[in-house]
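Note that the chains take the letters A, B, C and D in the order they are written out, and that residue 1 is the start of every chain.
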Amino acid sequence: MALESLIQLSLIILFLPLAGFLLLIFFGRRLPRQGDWLGTAMVSIAFAASLFILFTKLAVPESVSAGWTWATFGGIPGVGEVNIELGILIDNLSAIMLVVVLLISMLVHFFSMGYLKGDVRYSRYFAYLGLFTFSMLGIVLTHNLLMMYIFWELVGLSSYLLIGHWYEKKSASNAAMKAFIVNRIGDAGMFIGIMIIFVHFSTFSFDAIFGALSAGNLPFESQAWLTAAGILIFCGAIGKSAQFPLHVWLPDAMEGPTPVSALIHAATMVAAGVFMVARLFPLFTADALLVIAYIGAITALLAATIAITQYDIKKVLAWSTISQLGYMVMALGVGAYAAGFMHLVTHAAFKAGLFLGSGAVIFAMHAALHKQHDHDTDAQDIRNMGGLKSRMPVTYWTFLIFTLAISGIPLTSGFLSKDEILAGTLAFSTLNGHWLLPLIAFTVAGMTAFYMFRLLILTFHGKHARPERLPLVNEVPGVMGIPLMVLAALSLFVFYSFNPFGASSGWLFQALERPLSVVPDAVAPATWPVLYEAISRVHTLVMILSIVIAVAGLAFAWLVYQKKSFSADKMAAAMGPIYRGSKNKWYFDEMYEAVFVNGTLALTRISNWFDAHIIDGIVNGAGAVTLGVSRISGWIDNTFIDGLVNFLANFTGAIGMRLRKIQTGNIQTYVVFAVFGFLIITIVLLTL
Amino acid sequence: MQQFLESFLPAGPLVVFVFSIIPLMIILVYALFAIWLERKVAGHIQDRLGPMHTGGWHGWSQTIADLVKMIQKEDIVPAKADRFLFKMAPFIAFAASYAAFVAIPFSSGYIGSMIDVGIFYIVAITSLLSVSIIMAGWASNNKWSLLGAMRTAAQTVSYEVPTVVTILSVIIVTGTLNLMEVTEMQTGNAFLGFLPNWLIFHSPFMVIAFVLFFIASLAEAHRVPFDLPESESELVGGYQTEYSGMRWGLFMLTEYADMLLLSLVGATLFFGGWNSPFGSFMDGPVWGAFWMLLKGMILVFVMMWLRWTLPRLRVDQLMNVCWKYLIPLSFVNLVLIALWEMIF
Amino acid sequence: MDLFAVAFYVFAILIIGSAAIMVFSRNIVHSAFALMFTLAGVAVFYALLYAGFVAVTQLLVYVGGILVLILFGVMLTTRGYFEKVRTRTVNLVPSTIFAAIIGLMLIAVYVTTEWTLMPLEDGEVTLTGLGELLLTDFMLPFQVAGVLLLLCIIGAVLMAARTRHPHPPAGKSSQEGPGGPSYGEGTGRS
Amino acid sequence: MVLPEWLAEPGLNHFLVVSAVLFSLGLLAVISRRNIIMVLMGIELILNSANLNFVAFSRYGLLSLDGHMIALFVIIIAAAEAAVALAIALNIYNQFGSVDVEQISELKE
């Protein structure tokens, strides 16, 4: 098969979910089963096609792209020909991402059939899923910045629709708005960054921009502008991938249906930011990458500390998502390109699995609570669970595999990618001396193992909070169980590398060759050979350390929550303010409320005061002066001028009083006047 | 034809007069025959004989006897009716119907006027009919008459749309509005050597066009199943309720003339008009008139046949059929015929 | 005096006579039917002026369409179908004088002006010519007219199909006193 | 009977005179009748007289086929106008219970 035909195939893949969306949004309610099969079939077909693309693409090294002129502005003086292109780019990166997105989307479709059965807006939900998949595929497949930005915004829109799916709930519609608005902040930065690049290069195409840059053509002839553009574009990723300080929307987005959380947080929305950084990797200067790395590290640490103390099963997963995203971003920032992206892929599988698993638990708990006619107990609170292992074996065992994978225990996919990230970070610090980065990375690895096992143990082990409820909890139906099993299988190492202790020999790692940086040498990050050499130096050490730390975290969780050797409450009491801070998410929401919301309000109050006192004072003073002057002129006016005016007015008024009688409100009278006027004009013209 | 008349008639105006009353003669004879035929058709469809006694063979002079009776009747005008309009309405109705025959090519030798807007003129002049019916209904000063008249006007105005659109789709094929030219285009045997070159065989969509045209013309002629205006069981005869004697007879004549008119238009547009179905065999002006009237009478017969086959529609169903089915269908068909013309 | 002149005078008398009946008749239904004769007569005039297509369009649109609409309008806007179709005529004498002055002036202008004449040949007007003009020089008006008609259909249907205010029954208004119009509910008079 | 020549041969002026009479009759209907539908009918008369002028000028004058086109468009517009005007009249009747233009003077106050 010729590579060019991949373009056509990818276009079909791109538009299948859109077709599903359009059909469902217009005809969904009339179709049998409200058309869930339609959306699912569309995505499944697209998934099959994407597998074909992946295998075809991996066989050949070169990438393939095609563009179509969308709008042309002709020649602009001083700029030259400006054409806006739409286009498709398929390389290893997009081919892999395509499969990831469609796999998760397909599994989420299947899972949703069970999870949302009987929902009021069942068909609309599937329509939105299609729209979401379409938007994400657009980001993955595009070959230029503009189209990426368009689909970027579409992702924002569709996530808004999905998070707010149950918009009758105030919290859900608030969460949807929060996600939308917070994302807007990042997108504004991204837009400015794109515009910096466009203004200089007059093109949006990646190839053209990279080509111009590697030829030494810098934006506005300045490296600082390039760094700024890179950081501004990364702002978009900060918003979408929920990096510090714009991470606040993601935990709230848990208000959406759980399969939506799986889709958003595993493969689509948050992955978009990471994917974008990977896609634009050649563009970033060393300084920009350092900023990216630190942002990622801060995010990872911050989110991990919060995740430890949460009790809502989905909130724990949400914070862990942020933490893992921080990992990926950090990996890309230190230059471990393949490691970061590989973590995105492996994380997509096990995090989707974790969310779907938690969805299964919530579903089962809901059903049980419903049978008890208990509508007050929170079905998502892990304190209300426990001992579910015996009742939900499939969910438990798959959940265990996902937890092992996210904690980085050997033989899982998570170990492979996390190990590479840690090695990359440590190698980076040996080259540059940024020792804070590996320190944070290792700490977070331990914390991840701890809080994930805390979640697992509290949910599935031990005793159920209300033992009489336990028999009512039942395993979920097959349409929900099978996606879990598929994802559990995909969380094992064999799919990514045959060597369970080293990813670098696996196909994925080989396929994701780090692209050459196009920025000038003076500001370029360390090249891959240099970094790779450093990595191979520290790799064995890192592997041992990471296993030890992960197992330590695991064991600590085991001791605290299973054996109860230490009392969790006492530890919390001992930690005091740290515990409270963590529990309250380090008061970010409150801080933003205080700084931005109240700050804006205060600013308006100040400007209001300024307006009322200073401006008005000036105006009033001027008024008073004018008043005095006008008194004098008023007297002159009243006596002399008014005499004349009044005479005219009275005269006109007297005429008007007589003339207004002709305004009868009767159209026919007006017609007569009009024709009469016409008559007079004609007579005048004829006689002249 | 005109030259033929001039050859043995003395004065010019007389020629014009004779020339112009030929269709009237045809209509009068046809009406006598058609009313008798309708009774016989009704009788035989309902397994009875129909009129048998008046005259000799199968009661052939029944209609003539009726006519004589009708002429003898008193011309009653209701006391509170609008006398002038009441008396004028039947004449306008018949005049509208009769005027339309001007543009019908009865044979290759006779057409009232070769105006180049022929079919358009027929459509336009028959719309006078609805005005005259409103006139009759209003002037009668009778609730049922007025309701019947309003229904008729609404029905006629509505069904004009599908009629015009189907006619338009034929015009796309012929490229002329003159019915004589339309007929001349259909001369000869074109298809497979034996099928006549008639427009109905021109494309499959023409068959659809004909069916639509026929349904719409049933409604335009106020025939069952669309005979709401005079539906005697509901409206006591509709706009004709107060009429009697010769004035009522004129309305009946108008109705039968309308049937013939629409059938002749259908025959001209779809079935080759005065063309013989056997190519040049039995061709010529006189045979032409025979074929034309035969084709018209066959369609008239189908209309009578339908009357005893289908039940009457309700007034809302009547409008539904027109606006929801006939009009969309005829527009789609128009587009399809245009495409067919573009492609072939 | 040829046939053309005879036709002209006969139909000129018909047009003007029926128009006069239309204007002066107190019975509005009579006016409407008189209008029919005027319109048909004008159609004949068009035919005399070699404008066959315009004539037929006049018949179809005016007589078949507008006149029926007007008749419906008359019958829907009179209370009781037969009694109150009489309408008022006001200021008849002054308006007649006024209209007569206008008419005479128009005639004076028409007759005194020296028109540049360039008569058409019979047969010069063909449908083909009109059709070609319609699709070339008059393309834009043609399209605009189409859009306008569509808008009018929608607008008229919307206006006529709006929920009716319950207007007072025919008998009631006389009880409310002479002269004063009876207002339906919701006219905002409080 | 021998008619003077200006009477025996109808020409442009004859048609114009008829149209002028039609116009003044239409005007009379517009200004003297109080029923809104009568006003509408008067307007139709005026439009017809204008149309007659167009067609007459295209027969005898310099307008050629353009006069016919304009007349056609006037007829089309008249149809649209009549439809809307009657819808308005119906609404007025529903609102005021009358179609007398003197009684419909809400805007006057």
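Everything that follows uses one rule, which is that a residue touches a chain if its C-beta (ideal position, glycine included) is under 8 Å from a C-beta of that chain, and two chains touch if they have at least 3 such contacts.
Being a predicted model, the structure only gives us computed values, none of them experimental.
Asks: Identify the chains in contact with subunit A as well as subunit B, in label order.
Replies: C
Asks: For subunit B and subunit C, let me know how many angstrom lie between their CA-based centres, rounded off.
Replies: Roughly 29 Å, centre to centre.
Asks: Taking each chain's centre as its mean C-alpha position, how far apart are subunit C and subunit D in Å?
Replies: 6
Asks: Centre to centre, by mean C-alpha position, how many angstrom separate subunit A and subunit C?
Replies: 66
Asks: Counting in whole Å, what is the centre-to-centre distance of subunit B and subunit D, each centre being its mean C-alpha position?
Replies: Going by mean C-alpha positions, subunit B sits 33 Å from subunit D.
Asks: Where in subunit D do residues touch at least two different other chains?
Replies: 27, 31-32, 34, 102
Asks: Counting only residues that touch at least 2 other chains, which ones in subunit A make the list?
Replies: 672, 675
Asks: Which two-chain combinations touch?
Replies: A-C, A-D, B-C, C-D
Asks: If you look only at subunit A, which of its residues touch subunit C in the complex?
Replies: Per the touch definition, subunit A meets subunit C at residues 672, 675-676, 679, 682-683, 686.
Asks: Can you list the subunit A residues touching subunit D in their complex?
Replies: Counting only subunit A, the residues touching subunit D are 663-668, 671-672, 675.
Asks: Looking at the complex, which residues from subunit C come into contact with subunit D?
Replies: By the definition above, subunit C touches subunit D via 1, 4-5, 8-9, 12, 15-16, 19-20, 22-23, 28, 31-32, 35, 38-39, 42, 45-46, 49-51, 53-54, 57-58, 61-62, 65-66, 69-70, 72-74, 76-77, 79, 87-92, 95-96, 98-100, 102-103, 106-107, 110-111, 115-120, 125, 129-130, 133-134, 137-138, 141, 145, 148-149, 152-153, 155-157, 159-160, 162, 164-165, 167-168, 173, 181-184, 187.
Asks: So in the complex, which bits of subunit C are touching subunit B?
Replies: 29-30, 33, 36, 40, 52-53, 56-57, 59-60, 63-65, 67-68, 71-72, 75, 81-82, 126-127
Asks: What residues on subunit D touch subunit A, complex-wise?
Replies: Touch list, subunit D to subunit A: 27, 30-32, 34, 39, 101-102, 105, 107-108.
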